[in-house]
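Submitted below is the structure of interest, expressed as C-alpha cells.
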Amino acid sequence: MRDAGTGPYRAIFAARFLMMLQYRAAALAGIATQFWFGGIMVMALSAFYTEGGGSASITRAEAITYIWLGQAFLGLLPWNVDPEIAVMMRTGNVAYERLRPVDTYFYWFARAMAWRTAATLLRAIPLLLVTSVVFDWVGLGAWSLQPPQSGTALALFLLSMVAVVLLSSALTTLLNISVVWTISGQGINVFTNSLVLILSGMVIPLPLFPDWAHLMLLLQPLAGLVDIPYRIYFAHLSGAEAIAGIALQIFWTMLFIGLGHLCMTRTMRRIQIQGG
Amino acid sequence: MGALGLYGRYAMASIKGQLNYPASFVLLTIGQFLSTIVEFIGIAALFSRFQSLGEWTLAQVALFYGTVNIAFAVADMISRGFDVFGPLFVKTGEFDRLLLRPRATPLQLLGYELRLMRLGRLLQGVLVLAIAVSRLDLAWGLAETALLLAAVAGGVAFLLGLVVLQATLAFWTVESLEVANTLTYGGVAAAQYPLEIYHNWFRQFFTFVVPLSCVAYFPIVGILGIDDPLGAPRWFLYLSPLFGFVFLAMALIAWRLGERRYASTGS
Amino acid sequence: MPQIAVQDLSKTYRVAERRRGLIGAGRGLFSRTHRAVEALKGVSFGLDRGELVGIIGPNGAGKSTLIKILCGILMPSSGHCEVDGLVPWDQRIRHVARIGVVFGQRTQLWWDLPVIDSFELLRDIYRVPEVSFRATAETLISLLRIDQLLHRPVRQLSLGQRMRCDIAAALLHSPSILFLDEPTIGLDANSKLALRDFIKHLNRHNGVTVILATHDMQDIGALAERVLIIGHGRILRDGSIAAMRADTPGQRRLVIDFSEDVGDITVEGATVLSRTGRRVAFAFDSRVTAAHTLIGRLTADHDIAELSIEEPTIEELIADFYASHGAVEA
C-alpha cells in the first residue's frame, strides 16, 4: 500500500510537529524544571568527584556534559505513550486508523517521530545554549556543557543522534502498540520507564556503573538512546568504536521496527475485534 | 465528626473507588516502586565506584534518602486535590461547591483523593530506610525514633505546604504555574543526599527560604549521632522539623488570603 | 423579623479589558485597563421564614450574583445582608451549615460512589447525628422515590434521577433555607411535575424557605406566589404574579378555529398574533373592546368552529415586562 508515496507520512509528521510546537508555555515551565534537576545531578556528581575516592573512565567535565546533553534531549526518551493514541482508544476513533491507505506501522512511526522531535526541539535549544555559553559567562564554567571533542566527534555525534531519533521512534511506536493491548489502556510504559531511565544512562552515566557491567550495559538497546551518542560527543568512543556504537544503534532500531511491524497486523485485527 | 474523622471517611471513599480497578492500581504501584528504586540503584553504583562522598557513607546517605522518600510519598498521596486545584476547581467553578460546605476548604481538598499508587514510592523508601538502619551501627532508642517520626511528619508538612502554595496561585492566575513541582520533586531529588554536600547558597536557600534542610537534613544528622559538619547545635537538630509545620501554617495563611480574593472577585 | 434581610446590596466586578489587535495585545502585557461591571445596584428586600420566592430575570441580569451572595460564596461591594442573623460571607461555615443549595447543571454527589455513600459522606461533613440522619434520609428517599437508586454510582443515573438524588442530598442536614438554581432544566414533563410537588410539600409542610431561580415559567406559575424580577442589577418588581396580571388588566387573547380559510383576516379592535391554517390568534384589550363585541364582528363575516379566550401566559407577561423595562438579555 505504499503507492501513496511518502506523502501521507510527511503529512502526519508535519501535522503532529506543528501541533506540538504550540505547547510553548508548558515547554518553558518544563525547561526551568530541567535546569533544576540537571543542576542537582551535576552538583551531586561533582561532590562525588571532588570528595570521593575511586576513579572513573570519564572526567568530571565529561560527566557534567553527559548530564546536560541528557537534559537537553530528554524529549527523545521513549518513556511515555502518545496521549493521542490513548484518547483514540478511549473514544474508539482508533478504528479509523484501518481506513487510511497507508501502512499503519509506518504511519504510527512517523507520528511518533514527529512527537519526539517536536517535544525535543522546544527544549533542547535553550538548554544547550544556556548550559554551554551562558554558564561560562556567569562564571559557572565548572558546571558547563563542554564543546564536542573535535569536528569528527561532532559529525559522528550528529549521525548518532539521527540514530537516536529512529531508535526512540521505534520504541515509542512499540509502546503505543502496547496501549491497544492492555486493558487499562495505559501501555507497558509503566514498567519500561524505570528501565529506560536507568539503562540509557539518565540516572547516572553508564560509565560510572561498576566495571564488570560495562559490556552488558553497552550492548543492551537502551544504551543507544543516551550513552552512545554522548560518549561519541566527547570522544570517549572514537573512530572505529564510534562507528561500532552507531552500528549497534541501527541494529536495535531495525530489530524494533521489525518487531513493531510484525505486531501491527495483529494489533489492527484486535482493534477490529474490540469494535474500535 | 471532627476533621480527622472526616478525613478518614474521605480516605475510605477514595480507596473504595480505586479498588474498583485493582489491576490498574497494582500495576501503577509496582511501576512507581521500580521508577523510584532506580534512583537508589544509581546512588549505590556511585558509591561502589567512588567509595565515599566526603565523610558520608552509603548507609548514611540511605538514611537521608529513605526518610525524604517516605515523607514525599505520604505528602504526594494526600495532595492530589491541591495538584488539580486550578483546572478542576477554580476554572470550572467547582470551588463554589466546597465553599457551600461547612468545612474548611483545605480539609475538603485533602479528602479529594488518596493516591494509593504512591505506595510504590513509600515501599521503596521504607526498604531503603531498613537497609540503612541495618547497616548503620546505631544505638536506636527513643530519641532516634522520635527524630525519625518528627523528620517524616515535618517533611510531610513542608512538602504539603509547597503544594498548597502552588494551588494558592490558582486564585490569582489562570495559567498553571508548575513552580511548586520543581521545588517538591527537585527538593526531594536534592535532599536524597545530605544537603551538606552542596554549595553554600544552595544550602542557605533550602534552610532559610524554603526550609527543606530542617526536615530532611538536620534531624537525620541528629539520628546519626554525629557532629553536624555544618556546625548546628544539638538542640537545633531536634527542633528543626517544627519549621516544616511553620511553613505549612504560612502556606495556609496565604490560602486564606486567596480564598478571600476568590470570594470578592467571583469565579 | 425577616429571615433574610437584604439592604442596598451592590456588586461591581472589575473585568480586565482585552485589547484588540497585535499592538493592543503587546500593550496588554504591561498594563491592563479594567472595566467596571455593575452586576447588582442597590438591591433591597426581605424574606420571611417559610416563604417560597421565585427569582427571575434575563441572563446577565444579576440573578446568580445575588444567589451567590446570599449563599455566602461571593462578597458584595457594598450593602448589608443577613440570613438568620448571620452575615453569609463573613460567617461562612456557620451559615452554609443551615442552607441547602442545588445547582441544576451540576451535581454535588461523588461521581464514582454509590448514592448512599455520598449521603453518608455528607452526613459526616455536615455533622448530622446518626439518628436524625436516618429519619431524614428515610423520609427523603421515600418522598423522592430514590430507594432503587441508592446503590448505583452517580455516573450511571439519568438526569432526572440525579436531580432527585441531589435534592435529597441538599436536604439531609435539614436546612432551613433551600436555594434552587434551575432545578428542572433538562427534565422530562413527569419529572418536572413530581419535583414541583415535592418542593411545594417541602415548603408547606416543613416550612423550609425556598428560593427558586429559574427561567422556567411553569415552575414559577406552579410554585411562586412571590416573584422578584431582576434586570440590569436591580429589582424591577417584587410582588406576585397575580398582581402583575392586575397591572395589565385588559390583555387577552382570542383563539378562533374558523370553518373556512380566511386569508389575511383583519378586524377592528384586535391585532392578529398568529395564523396556522384555519386557526387564528388575536390580541385585544378587553377594556377597550369587549370580547363579545369582537366575536360578533368576526362571526358577522365568517363561520366559526371553535373559540377560546386566554389570559396572557406567564412567559408573555414576563417577556412584556422585560421589554418595557429594557431588561432584555445582556
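Points worth noting:
Every chain is named by a letter (A, B and C) in the order it is written, and numbering of its residues begins at 1.
In this section, a residue touches a chain if its C-beta (ideal position, glycine included) is under 8 Å from a C-beta of that chain, and two chains touch if they have at least 3 such contacts.
Keep in mind that this is a model prediction, so the values were computed, not measured.
A summary of chain positions shows that the Cα centroid lying nearest the centre of all protein Cα atoms is that of chain B. With respect to subunit C, maximal separation of chain centres occurs for A (centres as means of Cα atoms).
The mean-CA centres of subunit B and subunit C are about 47 angstrom from one another, to the nearest whole unit.
Rounded to a whole number, the gap between the C-alpha centres of subunit A and subunit C is 57 angstrom. Distance from the subunit A centre to the subunit B centre is 30 Å, each centre being the mean of its Cα atoms. Taken together, the subunit A residues at the contact with subunit B in this complex read 25, 29-30, 32-33, 36-37, 40-41, 43-45, 47-49, 51-56, 183-184, 186, 190-191, 193-195, 197-198, 203-204, 208-210.
The residues of subunit B lying in touch with subunit A in their complex are 21, 23-24, 27-28, 30-31, 34-35, 37-39, 41-42, 45-46, 48-54, 175, 177-179, 181-182, 185-186, 189-190, 193, 197-199, 202.
Those residues of subunit B that touch subunit C in the shared complex are 1, 5-6, 9-10, 13, 16-17, 20, 94, 96-97, 99-104, 108, 260, 263-266. If you check the complex, the residues on subunit C that touch subunit B are 13-14, 65, 68, 71-75, 89, 92-94, 96-97, 99, 101, 103, 106, 108, 110, 112-113, 117, 120-121, 124-127.
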